[in-house]
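After this come two complexes, each holding chain A, first together with chain B and then together with chain C.
Take a look at the complex of A and B:
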């Protein structure tokens, strides 16, 4: 876990042991369960990513952390203190939304200064802190402008800057880059990395994109249907997803799944011909399993090594950039192959699909991970 | 001039004719008005206006009207702003019904409320005061103001409110320094609608006043029966009655369409 505590002579560490705890939190609105008995502990100075689909409960979690919503049951502790009923303005939090939210009638400077002015920080210190963050977020030239006079990316920079300048204990970001175009998103994500890590706050970054979670790193929390499925370092969660659900959530496109069996020292993937059981699955006993293969390990051309060959027909082929994804159906399940290079294919064309047994994940029929391919055989993170 | 412009010209002439005729009459003497048909004043005079600006029974009509219209606009806005905020930001039991019911207040003709207001104000000593008319007009202006302001407020993302609270703003400070400036055009339009209704409303204003708070619209109608027909002075009064409205419209002209759509464009 990244516990980067700022070591700066001008700025002594502010937060000592300020942890955030969800103690059996539920949030029920009407008869809809948004969050189901959730327990969570986030350490001071840690960088945390909430990864889950739209509607998984990420935003609800952030709103509960901020104090914008009250949980239906359970307690929220901040630095050991019960803050469940403490009003949002009495908690030291900062929040950035996916929409570009700024005060339209304030200049960029005033926007950034506003949380400090409200807190009664003296003018000289405000000037210094705003100046420092403005430089970090490349906003020095825009301080006198109104938000409406800035581009979308700049507007979001202002929102991020306002959150950073506050130096809150808890910094919440709700898919902050999702409304930006692809290039800007990459750029800002790279730029944000250090300020967020150095902020000394508990940073919680919600995203629906597995790539973003992996790129940001830190402590990754997989959320689905109001529950935490798995929590751990980003790369660790990616390499060893504990369940079929997690495995599908941390990959984009999601991991391909198919039922199969192991028996008589052979592995049978769906309806394909049996092959020798690969080394990492040797410990598994005979029986039915759910096997998973990442899309970029599903080849459309033979590599000549020991492979499982599958015959299929192209459902849809998409070329994006320098990659080609081929969607097809295999043993009743939707599969995707993602391969480098541009390979135009027509719908319904017959296609040979090749899977290396050493790339296969094995789950029990209940969906829990039993064996994952070894780290050395992993392709670099997408 | 192209033929397709002809219709437009005819329409504009048709619209402007009564206004022109009023202006025309206000610069004529009574003899000329009643005498020959003249397209412009042959005997140009400002006497009619002089009468209005020197005779207290005339100019006090304007003063009275302006006092209660201003009072009404201020009361309506200060009541409707918090109400509209509540309707746009919170859900509570019966909020939709209450919101609709507000508008139904405008569906009854003002005459319906004549008797209750007259009796009530007479018995509590509010009869013939500015505040009486201002309060009576609130019955119509507050609901409309709530509707218009709610539309404008709902156009402001709720996240701005939340960001302000996260930043540590208290409600009052947020409302005054951040929220109100964001909907200032809505406030302008609402003020205009309050002004417009209160300025032109005759029935309640006339019935609830007698001397001290008599509005200009009432002065104009009563003059007809009092001293014969003073056509020129009446026309001048009419022109002067249009002026404040025209001024207010000038200031909110860019936002008025949104106001007519109750802020929902």
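Take a look at the complex of A and C:
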């Protein structure tokens, strides 16, 4: 898994040292806590992904970064300067939304040019910048059209181009691809990576989809209930989720969890027969643990190697594309198996479930990560 | 296997029958009257376009038409901007918003002739609150004797009665604009005027089109309120088209000319609605480079 963190010595970030800092930020509306004493530092030219469920506080964080909202307490620093009370228009920020937001009676060209016109950029430069970004976003042929005459995907391209052309210090994207159909979303996401990484701005991309966060890479910030759970490179967060909550948030379907014990040099996963403790868990002392297994490591067919076998009944079997997911209950917890291939199964069919001990994550009973499978045993991220 | 036949037409038939009875048959009756001179059930003469020629040269129609245009355009010029302004000033949520909506809707719930009666009393200089107030301000005001006062009263009455409709339509249009538009405009550093001009107004285009069409059609056909308030006077100064027509048809029983008048009236409304529609649809595309 490559990251898009840009390290290019020939072309340093345009604005040097323009970092963004959340210093103990809280946002409380009425008696609802949206953001809880948050500390965060985003470096100049970095690409950051906010990953969290709907309502986790991602949008609030973006609004605070933009200056659309004031924090209830704490300071926001931009390039070392306190901007907590600085108005939006003086912050040089660009933002893209879920909805396709463009001026309805401006042409695509005018839409892209308008932020620059307001900023007083001279006409020739506007023409060049709009031309360059339009080419990058494949909008050259649509410059004379009105937004209403474009498809949804093209409208969002215009909105993205509007944000890029501004060359802002801070580029905020609030689930920009969520209103597009699946195929278009993948396509635009791949296309967006380079323009975003090369923009020189601090890019913050909020998403509720773990796959999207992993595919975009960069610095991933896991947000839940107004707090930052974990921060790090996307692949690193995926490989070593620091807690059960993070582990469940960075996978889709979420990681399967079950209680178990280690004792007498054996590992017992839920109600299954004990097996030999795998190498990466040997350092753990005897006692109760919470074990986690990723859905694509929960097999419905034996691979013939050392395995833990679980008997279960199919709760729901779903075939999507070339994958089959089987939902079932194991030791009181909902589990999912995700396997390649199409395997139709009926509800309530008895089914054999196989887990390789070397794939198991171990957490303490409080939910903190103790041991993760080694990198070599991880399948590459799709 | 797809069979093709014309059976789908049967589905349209009930609607066609309904429209025939409600619109086509009455309209054709009017057409029938407008080309004949009818003395009795068995005594009629085909007169061709004579009634049309007569009516078009009739200065009652010409003057009525002029008054009607002045009135309708004045109404649009006042009610549309005022309605937008009221909608912009309205609170967007909370209990106050519901209260404002109810208060605004009140004039729309009053029967039209009652509106006329209300203003007839309200405007009286001896006992009406409005009339007394204006007189106390030193204005020699009497809507029954002075044509200017009569016009002013009819206009104010219509504005009072119908601005709410425009405001309610605009309010719903404004509520439909996602908050992200305002945020985006704010980030762009757009002024309040720019937000109105480039976000709100274009987004209101469709409801404004409906508002303009409704207000034009309704005001062009206005009858009850001025009929009750001024009776078309003083003189003929507030006699609008429909009242002229009513005098001709019901008062003088000149059904032939009245029928020709009705058709011309109808065509004028149709023509102007089409004009408004096409120009407003064009306007939306106006600010291209």
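For the reader, a short list of remarks on this structure follows.
Basically, the second predicted complex is superposed on the first by the 368 of 382 C-alpha atoms of A that agree within 3 Å, B and C clash if a C-alpha of one lies under 4 Å from a C-alpha of the other, contacts with A are read in each partner's own complex, and residues count from 1 in each chain.
In this section, a residue touches a chain if its C-beta (ideal position, glycine included) is under 8 Å from a C-beta of that chain, and two chains touch if they have at least 3 such contacts.
Note that the structure is a prediction, hence the values are computed from the model and not measured.
Chain B and chain C, once both complexes are superposed via chain A, clash. With both structures placed on the common chain, the touch criterion links A:30 to neither chain B nor chain C. Residue contacts after overlaying the shared chain place A:332 against neither chain B nor chain C.
When the two complexes are overlaid on their common chain A, residue A:107 makes contact with chain C while staying clear of chain B. Touch criterion met: A:146 reaches chain C, while chain B stays clear of it.
Applying the stated touch rule to the two superposed structures, the overlap between the chain B and chain C interfaces on chain A comprises residues 66, 68, 88-89, 93-95, 97, 99, 101, 103-106, 114-115, 118-119.
Within the complex formed with chain A, the residues of chain C that make contact are 178, 180-181, 183-184, 186-190, 198-199, 202-203, 284-289. Those residues of chain B that touch chain A in the shared complex are 157, 159-160, 162-170, 173, 178, 181-182.
Those residues of chain A that touch chain B in the shared complex are 66, 68, 87-89, 93-95, 97, 99, 101, 103-106, 114-115, 118-119, 159, 162, 166. If you check the complex, the residues on chain A that touch chain C are 63, 66, 68, 88-89, 93-95, 97-99, 101, 103-107, 109-110, 114-115, 118-119, 144, 146.
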